[in-house]
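To keep things simple, chains are lettered A, B, C and D as they appear, and every chain counts its residues starting from 1.
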Amino acid sequence: MRNKVYPTFDDAVADVPDGASVMLSGFAGPGTARNLIAALLRQGASRLTLIANTPGRWGDGRIDGGALIEQGRVAMVRAAFTASPHPSAASPFTELYEAGEIEAELMPQGTLAERIRAAGAGIPAFYTPAGAGTETALGKETRVFGGREHVMETALPADYALIRARRADRFGNLQYHRSQRNFGPVMARAATVTIVEVDEPVVEEGAIDPDHVHTPGLFVDRIVVVPPDGIREEPPNR
Amino acid sequence: MTEQRPLDRQTMANRAAMEFQDGWVVNLGIGIPTLCSNFVHPDRRVIYQSENGLVNYGPLAAEGEEDPNLVNAGGQYVVEMAGMAVQDHADSFALIRGGYVDVTALGAYEAAANGDFANWKVAGARGGGIGGAMDLAVGAKNVFLLMEHTTKEGKPRLVERCALPVTARGVVTLVVTNLGLFRVAPEGFVLEEIAPGYAPSDVQAATDARLVVSPSLREFRRAG
Amino acid sequence: MRNKVYPTFDDAVADVPDGASVMLSGFAGPGTARNLIAALLRQGASRLTLIANTPGRWGDGRIDGGALIEQGRVAMVRAAFTASPHPSAASPFTELYEAGEIEAELMPQGTLAERIRAAGAGIPAFYTPAGAGTETALGKETRVFGGREHVMETALPADYALIRARRADRFGNLQYHRSQRNFGPVMARAATVTIVEVDEPVVEEGAIDPDHVHTPGLFVDRIVVVPPDGIREEPPNR
Amino acid sequence: MTEQRPLDRQTMANRAAMEFQDGWVVNLGIGIPTLCSNFVHPDRRVIYQSENGLVNYGPLAAEGEEDPNLVNAGGQYVVEMAGMAVQDHADSFALIRGGYVDVTALGAYEAAANGDFANWKVAGARGGGIGGAMDLAVGAKNVFLLMEHTTKEGKPRLVERCALPVTARGVVTLVVTNLGLFRVAPEGFVLEEIAPGYAPSDVQAATDARLVVSPSLREFRRAG
């Protein structure tokens, strides 16, 4: 079987074409594949569609989806935010979006997570009460179940997923640490090609208890270990 | 005449937290709501849940003691509690929509007398920030709003009907502002508790919906 | 907070009323809450609806859903089998069902699992390709997505779930051992009251790594430890 | 003239297993298909997946070495493989419907020239046993059927159109019987390989659908 462990982040993202849809795991930091995103930035692919919780940010020296947007590589964002999660903090993305310079699809966070899950689960559509009766449901089919209005939402797949985990074995079985998990497991299932950066060295198969695998290896295509000089997740003030 | 003393943010949060019952699963939104976890019930256990997958997490982490991979839904570093569990994002929202959250306490721009509320989009904007609010609003058994009674410019935030795009319809059960505590009933906002020094007419004057004054109106309750 | 640890299986199932819907985890043995089922048998509730992978069996001395059926306690079964999973082996349920003496709803196993998941996830309905164009789709809404026919399936909740796990802490956080997991996690979420029997003594909170909890404790209502003389899962020939 | 030698069940399973490519995810149904895992490719890694949540599991457990909580989808005790993972039932079928299974090998009562097949309900029955077959049939990239060519009474199981209620429509890609190996193509069953001693006319005589004989027809391939 093909070796899934790649020597560098650049090798792992080398084939991402212009126009690709790319899922980025991560929630408020943890789970963000910052090293793979940095490599994608160097690689140069453009007209990307990003699927992520937020469009990210920039200007604070941290690499996330915002770095791709800042460099003009992104045509479309599908997310639970176009403005900053913290209403008092401005997001540079907001200005671009409000000025009509970039496209976005805004949806409830649970709808985002469930649409991604559906894509990896062979479920083309489902009904959710979230967003019913609101502006986000405009143009969408609605239907009443149990006396309550629901919105029909469709599966959201992607060409690539860039995710971060704590540890992988050579088969690609993954474990996440705490809040690092967030979108990783569902994105790994929903993307055609799943690329993961891991904090710890790759272990042999059998080193991870089968009961404690969070993402089975058959969903994982490429693994890169974050080297000692790679980007690590750190609290803002460290 | 007593001096008018609107509640500060922590006191508002404390008052809302006093409503959390033993064993309740509680989700706290960004802003005033996150302050609720500073209120510790001596004899009740409250289980905090966050959209990003934590169940039963603990208080905010002290500076220098952060686990870089352990944050709540507001992105704040928290500490691990004995009995904590981690889920992925889809399972976390399954829990939320599945009806296991007893209360979500959220911030809001507007609360309406019919139980609608608006907290994701400001006037004139093309987009906004939905986050987990729409799922929480329809999934939680109770929706509490914690908000300043008026904007900085003095414009009422409690209204007859929302002018801003709503987050969810008919779901709000309790509103705590710096001026009062309101149950949302079929007849509209019922003023149950009031800030020190205020008369119901003062609160009504700062409100764009008709208030019903509870026959058992009292001053804001405090813990202890 | 109320103590979730119950002294006996009988205490844990005492309130199950006639006519209740009861989910039974288990697949070919592992995960079957045999001690709780035995207690429900003693308790006497009737006209039950069972939701399980199979209607179980009887006559071989092992307790599963079949024991309730044999005793006439079951009005309806929702399962992926009405005949034996092994076509060469007769199932006593098959005779009852073919004779019209009991009702059943037969569905694809993935549809069963997903309907249960949906019930615990606030999803009232979803579309699946499984069963499209077959007799099991008769009378169901169908819809084409991506050129392919899909069946609309609805959420399947229950009043009670009886599940088996390896270990619980006092809050109800569960770990399953290997194939014991199967329907446990989704049933725990879909049922109003979830009752679990565990193979090992209950541990204190904090004894289970948060990353390795399979079912968070807030889905669990009652826990009973299988005593040394309780029914243990065993291979058939031991 | 060579003696007619229909294939035994293990040889049928071996022949099907020879189609499994390196790195393929394989799901085996009850009956002849489970025998496929006895065939070990010297230079390919095949990943076995079972409906009840095991990914990458190992061979059948020897008697006395069973883990009572480790079974495959047929309820047989298996051993743990290095690199195994366990999922719950919903995630397991998400994997199956999600398109991650390269091939499912199933038993069947009938296989039809249009790619339909029937394996869950016998004639005249009220119910049957669906199990994971309907999900596997629509979710797997390839559906192989492993079946006796005729019933014990000699009735053909390869038919123009199914008489029994179908499990799925238009999904079968390969059929291996004790008499032949058939690709299911737009033109119907294409006989590619044949059991020793049989002529295509013998196989056609035992079949209720028109067979297309491959120009490269050959005797059943065997490993080694």
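Operating definition for what follows: a contact is a pair of C-beta atoms (placed from the backbone, for glycine too) under 8 Å apart; a residue touches a chain by one contact, two chains touch by 3 or more.
Note that the coordinates shown come from a computational prediction; the quantities given were computed from them, not determined experimentally.
Asks: Upon omission of chain A, how do the remaining chains partition into touching groups?
Replies: one piece
Asks: How far is the middle of chain A from the middle of chain D, if each middle is the mean of its Cα atoms, in Å?
Replies: 37
Asks: Compute the distance, rounded to whole Å, between the mean C-alpha positions of chain A and chain B.
Replies: Spacing between the chain centres: roughly 29 Å.
Asks: Cα centroid separation between chain B and chain D, in whole Å?
Replies: 57
Asks: Multi-chain contacts only, two chains or more: what residues does chain B have there?
Replies: Those would be 80, 86-87, 93-94, 96-97, 138-139.
Asks: Where does chain C touch two or more other chains at once, residue-wise?
Replies: Only 114, 117, 121-123, 128-129, 176-178, 181, 210-211, 214 qualify.
Asks: What pattern do the touching chains form: line, ring, star, complete or other?
Replies: If you draw each chain as a dot and join those that touch, the picture is no line, ring, star or complete graph.
Asks: Going by the touch rule stated at the top, which chains touch which?
Replies: A-B, A-C, A-D, B-C, C-D
Asks: For the complex, give me every residue of chain C touching chain A.
Replies: Residues 114, 118, 121-129, 143, 145-146, 150, 154, 175-178, 181, 210-212, 214.
Asks: In the complex formed with chain A, which residues of chain D make contact?
Replies: Interface residues on the chain D side: 22-23, 25, 44-45, 47, 49, 55-56, 80-87, 93-100, 138-139.
Asks: What part of chain C is in contact with chain D in the complex they form?
Replies: Those in contact with chain D are residues 27-31, 80-87, 94, 97-98, 100, 104, 106-111, 113-114, 116-117, 128-136, 166, 176-186, 214, 232-235, 237-238.
Asks: Write out the stretch or stretches of chain B touching chain A in their complex.
Replies: The touching residues are 30-31, 51-54, 63, 66-71, 73-75, 77, 80, 86-90, 92-94, 96-97, 121-122, 125-135, 137-139, 165-169.
Asks: Enumerate the contact residues on chain A facing chain D in the complex.
Replies: 1-2, 117, 119-123, 169-171, 173, 189, 204-206, 210-211, 213, 216-219
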